[in-house]
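Note that the chains take the letters A, B, C, D and E in the order they are written out, and that residue 1 is the start of every chain.
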Amino acid sequence: MDSRRRLRLERRRLLRAPKGCVLVISKKKRYRLRGRLWVLGLVPFAVMVLAFQLAPVWSMLSGSFRSDADSRWTWHNYYTALNSPFYLKAIENSLLISAYSSLIGIVVGLVCAYSVTRFAPTVRDRILMLSNMTSNFAGVPLAFAYIILLGSNGVFTLLFREWGWNVFDGFDLYSWTGLTLVYVYFQVPLSLLLLYPSFYGIREQWKEAASMLGASSWQFWRSIGVPILAPAIFGTLGILFANAMGAYATAYALVGGNYNLLAIRIGSIVSGDVTNQPNLGSALAVLLACTTLLAVSLNAWMTKRSARYLTGAAKAPPRKGFVRQRGTGVALAEAKEGTG
Amino acid sequence: MNSYLELQSVRKRFGNAAVLNGVHLDVAEGELVTLLGPSGCGKSTLLRCIAGLAVLDGGRIVLQGRDLGGLAPRERQVGMVFQSFALFPNLTAGENVEYGLRMRGESKRGRRRRAEELLALVDLEDKRDVYPHHLSGGQQQRIALARSLAVQPKLLLLDEPLSALDAQIRKNLRSEIRSIQQRLNMTTLFVTHDQEEALTMSDRVCIMNKGVIVQEGTPEQIYMTPRTEFAARFMGSYNVMTRPEALRLFGSLEGSSDSYALRPESVKLIGMEEDPSGHAGRGKRIVDGTVDSVSVLGTIVRYSIEAAGVKLTIDALNDGRLIGIGERRNVRLALDCSQLLQLEKEGA
Amino acid sequence: MNSYLELQSVRKRFGNAAVLNGVHLDVAEGELVTLLGPSGCGKSTLLRCIAGLAVLDGGRIVLQGRDLGGLAPRERQVGMVFQSFALFPNLTAGENVEYGLRMRGESKRGRRRRAEELLALVDLEDKRDVYPHHLSGGQQQRIALARSLAVQPKLLLLDEPLSALDAQIRKNLRSEIRSIQQRLNMTTLFVTHDQEEALTMSDRVCIMNKGVIVQEGTPEQIYMTPRTEFAARFMGSYNVMTRPEALRLFGSLEGSSDSYALRPESVKLIGMEEDPSGHAGRGKRIVDGTVDSVSVLGTIVRYSIEAAGVKLTIDALNDGRLIGIGERRNVRLALDCSQLLQLEKEGA
Amino acid sequence: MTERNQAGWGHRTLQSLLLLYLLLPLAATAVYAFAGDWQDTVLPKQWTLEWFESLFQDTRFLEALWNSLYLCSISVALSLAVMIPAVFVLTVYAPRLESLMKGIVVLPYAVPGVVAAVGLIRTYSGGPIDIAGTAYLLVGAYFVAILPYMYQGIRNSLLTVSAPELMQAAGLLGAGPVRAFLTVVLPNIVPGILVSTLLSFSVLFGEFVLTNMLVGAHLQTVQVYLSRRMGESGHLASAIAISYFAFILILSMVLMKLGQTKGRRVRG
Amino acid sequence: GDDDNGGGKDSATVSVTVDSSSLAEIEAKAKEEGAVASVGMPDSWANWKDTWNDIQTKYGLKHTDTDMSSAEEIAKFEAEKDKPTADIGDVGIAFGPVAVAKGVTQPYKPTHWEEIPDWAKDEDGHWVVAYQGTIGFLTNKNLVKNPPKSWEDLKNGDYKIIVGDVTKAAQAQMAVLAASIAFGGDESNIEPGIAFFEDLAKKGRLSNADASVANIEKGEVPVTLLWDFNALNYRDQIDKDQFDVAIPTEGSVVSGYATIINKYAPNPNAAKLTREYIFSDEGQINLAKGYARPIRDSVKLPDDVAAKLLDKDEYKNAKPVGDYSVWDTASKTLPQTWQERVLVHMN
């Protein structure tokens, strides 16, 4: 036995064998042990996730049950959050704006996603690249861009005034309609990127089969297309909703704290110059996380459901050349779709 | 022939590529005609033109005396079954079958009854409420068949309906489809690239190559008398020989063709110890050869033999009679001149 | 038998599912043994256990007297070719072949020479600098073969190496692989679910079912004398009969088995107008029957016949002799009692 | 197939409208960056380059750009270094743990920036590990933020090249796991990973909430700098936004080209 | 820098403890130390830039600054007890007492101690306000033809008014307090201010927009309430003629920023010298150049600098916060009150 191997065995014995046990490690066991070394590859990942994902969540969670005054265990923060009309209003506003903006985002995204699949992959990928790029245009600059366009002296506001159109008269960018409008701007590209791959799941032959059975295009979409897309639609809705619930920078840049949103409340509690109630902030953050978690689980659940349809479809041979056609656009969408 | 479906010089191009170069075909009512040809020869495209899923570039398609040109797929009363089944995954088997009737606005009860009839026809009554992804491939295929039959189409188009299935299921479905077709007397066009499938199922076989039908006839005709080298090679393990080779083997030849074909099973093998006289006769010939290799394919045994400088493939029934014949052995071949086919030039 | 590779009651479970239930197998040096069985019977799992890609739950695997248990795949000196080729896409064909030698730290020149030898062996010298995705499926498969041979493995494992290829290429590669194997005298385990492939390529065939080897023997043995109903059905279109059916057909039976099998080509068809006396003799029997259907499969013609209340499939060579026999016709069958096989109970 | 590539005019119009809609805010920002006085008129009263001039004379801008660049690079590099082995190990050796992994990976969606920042500040200000306000904390937060993109990208690449089979083939040919990984898996997934790298990079470059809340006071990234300068002049801020967008665009095009040439060699 | 501010306390008697000899001594020691490190006093804020330049040329002190908020400054002093790096900081007035309570400051009374009003200094010299701010109106004359000069004008106008983020920003909260003071309230009674804005909100006169420079520049902001130093700064920065700054005549609130010297300062004398310079005439003029109204009334500002500021008369009704601890309590409930009373009428 060479010394290195002996060392290795020795080490193993120390690690595994109970005290006083005679060292008999069969070859098979050794192979299995060696086979488990892959666990090492997961260690850095586990450490990072633990430190920067789970620990903060845990600290927040436990903090939310402690009093801001004397750090004793208490339900008080949740009591405050859920009984104060102030915070309840914030929750309500957040939910409403998120719901509206993600619904609009879904509808627009759905139409655009269908349309984009009608183009050749190269054109499609270019469109997707662009929309992906603009989806990074958020926060302060986005809010300001909308002020330039639709603020009280915005380009369109003035134009419409000049042309005498009064459709926009009642419009105020700094109200909830304005906020929803700005949210929609970052929801649309996301929705497009998440939805368009599922249109490739609607196989051309289904349309053909339906048309031969006497269905018009509209009937096909109503009876086959949309039901098949439904899981993808609801799943994406979940992601969009979570996305809107968590949006902070854009809203804050537009209306500051004047519009009562949950994310803004949390931000002002944590980083404002005025109050210092970190544990109440944690409780609010936990409430926010609960809604997004719910939305994201909806997504996960729906993805599983759509997998059901897809396995059915997967039995059929893949469309020729489809794998080759997977351009960067597909990769982008796959990467965006955190749930696989 | 009393034409039920008529194709008159049907042409189709995709961009620069001519895919159908003038296809003529007459199909009688209740007939099952197979389109057989290598991949890419335009079989699917032809079916899609008939169904109205692709637009013709030239020619006419007439069904029961009515020109189908300009009609939308759903006005053509044509049913189609796809290679990939194309069942609607969000509907149960029963709902899939009912779909066509629902689109026609038939009553729920009527639909239900008809669907049950058809499920019975394909022997899947118990799967009515099952979703397609819980069905096996063969069951899916049968549902697809039932679905296209539900609307009582005038013409059924089957585009390689079996190619995605396992060999075993495939064989069973073959006879099932054929028997349903015969029972309903449904005029059917069947696309395949499997010659066994074509031979076993059809009333008539059309061999397609490069966008035209190069030969048509009953399965026997097609198998026994391929007209061109393409057909001969495509139909099985025909021995195709040049004229000099054929001359060496048969001594003298009829006709003046450049190439000849010999079916592998038309040659009899005779062991060296056997008496060859039993095989002699008019138009018969005995030639000596050497066995290159033997392989048992199951029912038949395939011999590679060299005789008179010509490499031949010879099939014999695996009935134990020729057990002694192994590699490197000398054998006698009994040839029948009447079985030698003259082949036409390609495209002639 | 001089065992080169020995499998001794190899067992493997995945969770609750027992996939290998005690497989015994001895392979002699230079032999090509085929594992034949339906999908999911554990063929791939067995190969993976031998290669060390899966860990045994019981039993031993001994190669050249050395227990492979506890050795990592790379220490086993076993080569494996995967169904999906698994070529390294970032390396050229030549680099793929060299890979194993590189891992052993062989010199660049030595590697180069050996790679060239092997590329020559698989007839792809000119593809050395080509990347896998520019090679056809068949070429990729041959490179995969060359790659696994480059390290001179003691044992070659082939897991359905041909199933991803076209029928035509498949047939060519069959004989190519066989001839390389024979030239190198490489002990080989070959997995397939295609019985024709198994029959044509192997020295010995093992039929697997549900994680055990149910029968093994030479291709002839396996084909001619299936031991169980499973093997009989799996090997081809054997007619499997219950004892009463067999009794009705043959009058008297040898043995006391519950089921019997009859090869479809062992029955001779005689037209009603022919004189059956030529077929009479000891152990022979003439029975009347009716033809249900006839199908020309190409080289053979398959008849479905009902005789004495038993449905039989009978194959005859498509040599024109029986042309008169069509559907609904009466025929005589010449049965040979010696061809009737007794089948054992499943699992016996 | 060609028929479906020629999208009808309806689709063309729709896509043009979409692009218009998406690009309009960018265009407005660009115009504002070149505008002189522009308050209550439809178009600016005059045009000027002064905002860009003053921007590029400001060393803090370049500093912020540099900060963003190195923070993002470090985070993405760290993420690659941690995620590639982890996802690889999971895909090849322990596919059963994948569902757990998926659960972890969607968490960042469920924990928005504001919430994550709250938790991180709580955890790391004071206590045994006091890294509040440092780049370390931010890099950690960034790591989590790009987790979903990285995971998806790496996993898909691994599955596309059938990494488990490649590993087995290499193992049978005598390569140890590490060597097999380095010689046959890693080279093949590089092009696939490039896209998610790119995506992560641009996501981080545009990140504001985490950055501002965690280190905004000490470290100016482009986004933080931008929001600070917004407090001085909208024109200037617009100039910053446009410059950094151009920067991102060029960066992604370069990387994309790189990925394509590499990808061609591997995938064809 | 930051826009925090806060309370002082009623300081009792005050005496000048620094004579000229000890000042010279400090100066000598400071030159020896050769450097001063500040926190929260960046070049861009209140024209600290000129002050640092002067200190460098005059005393040869090298200067570095780390920008942070008031709370962070105090935390930093405390955390770095053993390895101090900062000498002096600038905090909102409310944080002065906090720093003293934490025990991280050391006292120093500059030469002009007597001239500083009582509300603006700690009785022992731990913190001293160097410049003051008052809530005023910033009006875009392009959008509003008659710039408001009083709360009454504001009430009767027809333009939109932007208060800012009352839930979070001290400046906006101070604006509410300013209105309260104008209508007879104080930090313990902000009801008059709330009522005033409630009335405006009901009339739809408040806008949610943010009163950021960018928005002011873009013309989104007709009238907003800001610290006078911010308002003046913005005015000059964008377009002097287009904007009007006014301190409401009925009354407003005054606050300020105080310097604190780190108890553990590595360069204590340099820090003291810095404070000394800030309260010198030159130092106060420097602040004025940065639109920060000097705390010392007696400093004679050069004309061009005086022109940057508003007339002293405008400030006569402006009052400091009496008790910051009261205000602290009030400001905690203000966000919610604001939401419930004012914002409900807007969103």
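Methods note: contacts are C-beta pairs under 8 Å (C-beta built on N, C-alpha and C of every residue); 3 or more make two chains touch, one makes a residue touch a chain.
Here the structure is a predicted model, which means the values were calculated and not measured.
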{"item": "Chain labels contacting subunit B and also subunit D", "value": "A, C"}
{"item": "A-E against D-E, pair bridged by the larger set of C-beta contacts", "value": "A-E"}
{"item": "Rotation, 0 to 180 degrees and nearest 5, that superposes subunit B on copy subunit C via CA atoms", "value": "175"}
{"item": "Furthest chain, CA centroid comparison against subunit C", "value": "E"}
{"item": "Separation of subunit A from subunit B, taking each centre as the mean of its C-alpha atoms, in whole Å", "value": "52"}
{"item": "Between subunit E and subunit C, distance of the C-alpha-averaged centres to the nearest whole Å", "value": "91"}
{"item": "Whole-Å separation of chain centres (CA-atom averages), subunit B against subunit C", "value": "27"}
{"item": "Residue numbers of subunit E (touch at least two other chains)", "value": "69, 214-215, 218-219"}
{"item": "Residue numbers of subunit D (touch at least two other chains)", "value": "32, 39-40, 230, 234, 237, 267"}
{"item": "Multi-partner residues of subunit B (at least 2 other chains)", "value": "none"}
{"item": "Complex contacts: residues of subunit E adjacent to subunit D", "value": "66-69, 72, 140, 142-143, 212-215, 217-219, 237-239"}
{"item": "Residues of subunit A defined as touching subunit D within the complex", "value": "37-39, 41-42, 44-45, 48-49, 51-53, 55-60, 63, 111-112, 115-116, 118-120, 123, 127, 129-134, 136-142, 144-146, 148-149, 153, 155, 158-159, 162, 185, 188-189, 192, 204, 239, 242-243, 245-249, 253, 263, 266-267, 270-271, 278, 281-282, 285, 288-289, 292-293, 295-296, 299-300, 321, 324, 328, 331-332, 334-340"}
{"item": "For the subunit A and subunit E complex, residues of the former touching the latter", "value": "84-86, 89, 93, 144, 147-148, 151-153, 172-176, 253-260, 264-265, 267-268, 272-275"}
{"item": "Parts of subunit E lying in touch with subunit A, wherever the complex brings them together", "value": "2-4, 69-70, 92, 160, 164-170, 173, 207-210, 214-215, 218-220, 331-332, 334-336, 339-340, 343, 346-347"}
{"item": "Contacting residues of subunit B [partner subunit A, same complex]", "value": "51, 53, 72-74, 76, 78-80, 82-91, 99-100, 102-104, 131-133, 137, 140, 147-148, 151, 164"}
